[in-house]
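Paired with chain B in one complex and with chain C in the other, chain A is shared by the two complexes that follow.
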Partner chain A sequence: MVSLLDPVILQSILLIAISGTLICIAVHFIPVGGAPAAMAQATGIGTGTVELAAGSGLVGLITASYMYSSLPDPQSQMLLILASGAMGSMIMIACTMLMGSMVYAFGVGVPFASAQVKNDPITGDRQDLYMSKGTQGQGLPTVCFVSGVIGGMLGGIGGALIYYVLIGLYSQSAIIGTSAAAVAGVFTVGVFYVNSVIPSYGVGGTIEGFHDPKFRRVLPKDAFTSFCVSIMCGIVAVLIAGGM
Partner chain B sequence: MVLDLTMSMAILALMGALATIAGCLEDLESDVGSQSNPNSQVQLAPQMGFLHRIYNKAISGEPVSNGLSAVTAGTVTVVLLDAKFYPLMAIVMGAFVGAIVLGIFATTSYAGRVASQTRFKQPLYMDIMRYTTPSIIGHNFIVNFCLVSLAYIQYEILAYPFSIPFLALIWGITAGAIGSSVGDVHYGAEREFQNREFGCGLNTSLSGRIVRKAESGLRNSIDNVWFCAKFGGPATGIALGLVVFLSSWPATIMQPKTPADYWKTIIVGLLIVFLLIIGNRLVEYNARKTYGPYKEEKEAAS
Partner chain C sequence: MSEIKEIAPNKLVLFGVLGGLLGIYLTYLFPVLGMKIGGNVGGLLKVIAPTFGALGGICAVVWGADAVRRVSKYGLGTGVPSIGQIAMGMGIVASMFGIAIMAKFPLAGPVVSLVTASIIGLIIGWFAQNVIKMKIPVMVRGMTEIAAAGSLIILGFGVAVAGNFQFETFVKMVFDDGLILAVFWIGAVAILHPFNATLGPDEKQKRTTYLAFSTGAITMTIIGIGAIMTLGLSGAITMMLGIILWVIYYKKFWDEVYKDASSVLGTGLIPKTEA
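Let's turn to the complex of A and B:
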């Protein structure tokens, strides 16, 4: 029997809501260009928001869960677990973007250009001159790459935090205590997908990163929606541990 | 299981190799079946009057369909392991079942998609279905074998807290995400529009006008996978191999014991990310110097 008004339970639900919001914010940082980017007709990675955010976050989940199981007293090492999740996600997204860049540069033959800024805010390179005719930019300029890495970091922290909260909760449960890691892992994947889908509606399939005007326009609404939805996810996650 | 440094590095190298093969074959499977974002052009072509002989399966997003076959393979493997099968045999049989499931989805998906294009006069070529579907199953079998082997190593030897099917699911989704992000660009932006000058950029007005003639005869999906195996597939494989290798390498090489040691592995991981950012900058610089700019300054201002 679980009381939803218990301070520990309330804190767990709040942490899950914060994690979900972090994942939602992370998706906005990741430069995804969807189908047009797969044809080198838009800046960013040539896939969907959900695919990439989930893919990178899940690698973070694996590294965080392994860190959790390796540490002697994991519940007192929250920051370390979050950092390992962030590291796994950042490495996944950075490797993917680097190899994607190589395909754009050597397989397709296009210079990288952002359609949203005249000069790259990090390198200062001109962008508009390098945009080929009839496209919305192409490839992964440095600003998009850095934005993607930040997104990976936030997503990894979000995923690791959900796992950290849930495994702490589930390992004390009489019902699912023996398979706490499995249930916590599956639920983390679920929350990841929920919060990766929500921003897809806001960004409309493509976003270049933090320098894209769309970022500021849609982020507050998406983050609020995600927070509300994640609270619901948190309540359900807590009830799984012991019923109502 | 406690491993010394040499054995840990050997295991890590094996995992990296398995992931590299899985990533490469995953991308090639999506190319031979024409899945994910580039398939939008294959789907669009008949609507623009360009009938083609390219396989057209888009079961779902690439990570999800790949995760499905990997988790099916992982589940069957665990069942067989419980029945005291030899691990290698169990993984092979599990991978085969996962590949057959994907093959069934590919067949129904191809037939369904082409049937929905009847009014554009796109034929359903039975020879394409007969020749290409086994190739999809074959590619996916190798992907499943590598991913489930990876999951088996992580579960049995490295004592990861997740079960084999769940690890296979996560690696399947990740392989699909990387294949969709890396290798598919080579198929979508280069192979489908190979009649355009290399480095000229692809105008949006070209959408749907895919190349339909092969090096000899009419182009089919086997021709596409032949081309993508030269660059897109291996690039995807290297990406997934790097993810598996680099995410575990700091902890393997440093053999951490205390939280302070673990923090050092995180710092090494961050340094790797920083090096990857510099790597991307070098690639960007090279591409801009080689192909651009497309416009003069005055033209851009107007």
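Let's turn to the complex of A and C:
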């Protein structure tokens, strides 16, 4: 039986809680348009929050675990593992947004415009002139793209951090031992899904990125929820390693 | 609109919990019985045991799909798939915890998983209702049920692949070869698809439930293919039974669709030129 008050264990639980919160924050950065965006009637990528966050996060998990397995002493190289997780996620989300933009620009034929700001905070371009009547903006303006890449980075770091903490714990566990990678990976997927669905309920399906007024309104309560839920997941994860 | 008689949620909870747990425990009980009886009957019991896990999983799918239906009716804003994914996320965390912490007393594992999942679901539901303020009156109960159903789905179909729910066997047979991802994903689709496909003002519980049986049976078929790899003959039985159940329930769903539609007409292809 593991003692929950052991400093190493407490640190692990806290790290899992922080990673869960990072994943939650990441979801807010990713420009998600849901079904309206699929019809080019809202800014963002035309699919659900969970699909995008999980899609990029899981690629981050793959790159992080690959880095973990190819380092000679992985437990002392936390930064490298987190960085490779972040890279994987960023590449994935950037590819998704690039291909989505190609479809919006050359397939649907809409100019990219944000409905939430008058000028793009990064390029300074006017947005409202290019917005079609009766829509909530279309496509992915520069600010959304940048925001999405930041989101991918945070999500990748979050996923990689959970994996790093759990594989460290499980590889020393008597009952898991050699299967540590598989169990840690699957557990990470579980925590990832919980933490990417919670904020998607908060944002209610669509968000443009960090420039969206919704971002500031919903982020604190979503992050708080994710932190509490991830602490619980962390305790559960730590107890698995010990058995009874 | 006339009132349509629906199956009460409590009845479906009982169906899911009892059916799911019964299926999972029978996979444990049958090999023990088979040892005692011995001979051909004993051998047969041992071979068909894992199939009951998958049948228990189908009970959990039907229950979970109804819970998804009750919650998603209010409109989540993020689409129904998200709720199937959070169900599996919570379910996998809880079921691993249940069977790992009870590694020395494996018989208690499934019950502990179910209770843990319910607690996790309750907490997430409470947060969704009171902190995120989703304003869905059935959120707390719905999340609890969905999480619990998720854990039973993972355990039921996992047991069909592993043969029993001892942690060591489960990890070796389900996790190491990656079949857990099949259980995770196909289980998620099984729970979210029925309502996602039938939602709308004319959605009826009977139709959704038949579709849930059929998605559960598809999951059983695919898990059966996976189980051929790990258990051999038992997997083949799971797969065959899955196909049979799928055909039966898909036909029932099909009939229900024809009954609910005012009429079904073949319209032909869209004409190439305007008339």
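Note that in this section the second predicted complex is superposed on the first by the 243 of 244 C-alpha atoms of A that agree within 3 Å, B and C clash if a C-alpha of one lies under 4 Å from a C-alpha of the other, contacts with A are read in each partner's own complex, and residues count from 1 in each chain.
The rule we apply is simple: contacts are C-beta pairs under 8 Å (C-beta built on N, C-alpha and C of every residue); 3 or more make two chains touch, one makes a residue touch a chain.
As the structure is a computational prediction, the values presented were derived from the model and not from experiment.
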{"item": "Overlay on chain A: chain C relative to chain B, clash or fit", "value": "clash"}
{"item": "Chain B versus chain C as contact partner of A:35, first or second or both or neither", "value": "both"}
{"item": "First, second, both or neither for A:4, with chain B first and chain C second", "value": "neither"}
{"item": "Touching partner for A:62 - first (chain B), second (chain C), both, neither", "value": "first"}
{"item": "Partner chain in contact with A:48 - chain B first, chain C second, else both or neither", "value": "both"}
{"item": "First, second, both or neither for A:182, with chain B first and chain C second", "value": "both"}
{"item": "Which of chain B and chain C A:194 touches, first, second, both or neither", "value": "second"}
{"item": "Touching partner for A:239 - first (chain B), second (chain C), both, neither", "value": "second"}
{"item": "Between chain B and chain C, more extensive residue contact with chain A", "value": "B"}
{"item": "Contact residues of chain A, present in both the chain B and the chain C interface", "value": "34-35, 48, 50-51, 54, 182, 186, 189"}
{"item": "Interface residues, chain C side, partner chain A - complex", "value": "76-79, 81-83, 85-86, 88-94, 96-97, 100-104, 116, 120, 123-124, 127-128, 131-134, 167-168, 171-172, 175-176, 178, 180-181, 184"}
{"item": "Chain B to chain A touching residues, read off their complex", "value": "36-38, 40-41, 61-63, 158-163, 166-167, 169-170, 173-174, 176-178, 180-186, 188-190, 192-193, 198-205, 207, 231-232, 235-236, 238-239, 242-243, 246-248, 251, 256, 259, 262-263, 265-266, 269-270, 272-273, 276-277, 279-281, 283-284, 286-288, 290-297, 300"}
{"item": "Residue numbers on chain A that touch chain B, as the complex places them", "value": "34-41, 45-48, 50-52, 54-56, 58-59, 61-63, 65-71, 77, 80, 83-84, 87-88, 90-92, 94-113, 123, 125-126, 128-135, 138-142, 145-146, 149, 181-182, 185-186, 189"}
{"item": "Of chain A, residues touching chain C in the complex", "value": "34-35, 48-51, 54, 175-176, 179, 182-183, 186-187, 189-194, 196-198, 200-202, 204-205, 218, 221-222, 224-225, 228-229, 232-233, 236-237, 239-240, 242-244"}
